[in-house]
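Read through the structures below before going on.
What follows is subunit A paired twice: with subunit B in the first complex and subunit C in the second.
Let's look at the complex of A and B:
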């Protein structure tokens, strides 16, 4: 069975599977894309954002 | 000029030559028709070059372009002297561009700087300037922890009410309260500052030409007035302020505040920190906005590429088709 036949039988034969896989794909892509961009953004701005300096002040508050 | 000796018809013929300078043009009968005994062939080529329409158009375009370029570069037409009633210093000195830590399209604010800048605002600027649009809660997760902000808010008394008896009462501040103003109203602010109103700083970075650069230059740019510039009593000279005379005196001096993280509190350090803080106050959405910008650029460029590919894909058969004509066979004889 060739790849295109497998693809057809898996995703395109039934409309419910087709639409469902589009929705699931959008969901997974959204999460992956968001975390990818965020990882790049945090690495680019390393040490500048609040989450990078937060630990200094939270520990100080707990010691008091 | 030679052209004066020629008939208009001959000139027109010369001008309508296909291309000046080409060898064919020189040898053509038309070129010969306008040549007279005293003229060399090279002169005829020059003649036709001078009289060609292309030369006229390109020289006109060059002239107009030069004038436009000069006007764009220097702001006035060339060779026309101008007199202005105002002086350039009335506009204020243009601030230099500073390398802010949040200047690039991918750069967030330096939040340690925002925290120091808040300290400078609280200890120095807040004596005269309000910050109406920033609430205590806005600092949480940006420059301070929630416990720190709660403690800071509780130090301020806010009026609340009415209570059961219809009386207004004072209570300690909460996270939802806005920054306390230094003066009760605008009239009190003017009265306390010899008629000059200290502007609210919430949106000041957006509200001034030059933005952060201007405010930094203003805070660090106080100098003695140059000779010939008269500053009234109670005013101060600052070349970056439009007009030069500003009501606010220089407030930032080395060592004015003591930073908790040990950063040396020089004048320029304090100015940089407070301007970063004010820039955050003007654009609290700044960091998130730039992150969304990255996402938008990636997604929209991918969609553009896909649509370009789909267009080419769909048009391929139309662009590559050939139409063949197969004439019907003549079967009559």
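Let's look at the complex of A and C:
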């Protein structure tokens, strides 16, 4: 049995499974997309965000 | 006339020749052949053959006795009479259909799987877009971080003596802070709270037994109750006469619920409470 037949029999044959896997996939895709974009944003702005430079100022304030 | 006859003979099919008398002769034609069986005819190819139809005559009963009639000018039994011999040009072969095999899919299964996969992918992306549209729209209604930061109130607890009430304003609403005495704590703990209108134990309502912190808004219609009054030594709402006990629980009157507890935290190092 080829890959396409297996795929069809597993996901597409029953509409309930088809729609259910679409919603489950949308949930997983949303989480993955969010974390991916956030990781990219943090890497792109490395050293510019408050969480990257916070240790400089917070430690200085505690020393005073 | 002879020329015309010759021309007509030319258009005949090769299987037909003409006798010297002018009668067309087709020696190899099977005259008994019929149209192939029609799948929609359900085995019937016309009216019943074993019974004479009524219009052909038959026996009928009249006043003078039985009369048998038979009509000789019969209508045709079928609207269509097949021509077993014709003079049109014989069809040489079936009409030529282009060869589509080059355009046909090699594997129907993979084509089907790919089609469903594309439909499913579109559905997945649409569902994600719809979900994020709704959630982002709802996020615009919630308070932003700076508003939430301003919406916290810090109270120095050391300035409140034991057995006193303090009313402060938090997010536009009054908040009661009661520094309870040990006797009041015992009274609140020993109450049979299971039978109250809104059953809640005192342990559920306070984080530290000596500090009772709750919203000063009557759960009936939103008046501000008066402290250290009422039948149960707690609060009394002057609008419609709801009584609350020393734990802020509704005990008498129209109030349906206990006084609401806001979210708060103690800062033990500085002796403060942060409401919000």
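In this section, the second predicted complex is superposed on the first by the 54 of 64 C-alpha atoms of A that agree within 3 Å, B and C clash if a C-alpha of one lies under 4 Å from a C-alpha of the other, contacts with A are read in each partner's own complex, and residues count from 1 in each chain.
The working rule: a residue touches a chain if its C-beta (ideal position, glycine included) is under 8 Å from a C-beta of that chain, and two chains touch if they have at least 3 such contacts.
As the structure is a prediction and not an experimental result, all values here were calculated from the model.
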item: Which superposed partner A:58 touches (first subunit B, second subunit C, both, neither); value: first
item: Which superposed partner A:48 touches (first subunit B, second subunit C, both, neither); value: first
item: Subunit B versus subunit C as contact partner of A:33, first or second or both or neither; value: both
item: Touching partner for A:25 - first (subunit B), second (subunit C), both, neither; value: second
item: Shared subunit A surface residues [contacts with subunit B and with subunit C]; value: 33
item: Touching residues (chain side subunit B, partner subunit A) in the complex; value: 101, 106-112, 115, 141-145, 147-148, 261, 287, 290-291, 294-295, 298
item: Touching residues on subunit A, where the partner in the complex is subunit C; value: 2, 4-5, 7-8, 11-12, 18-19, 21-23, 25-26, 29-30, 33
item: Subunit C - residues contacting subunit A, complex; value: 107, 109-110, 112-114, 116-117, 120, 123-125, 127-128, 131-132
item: Interface residues, subunit A side, partner subunit B - complex; value: 33-34, 37-38, 40-41, 44-45, 48-50, 52-54, 56-58, 61
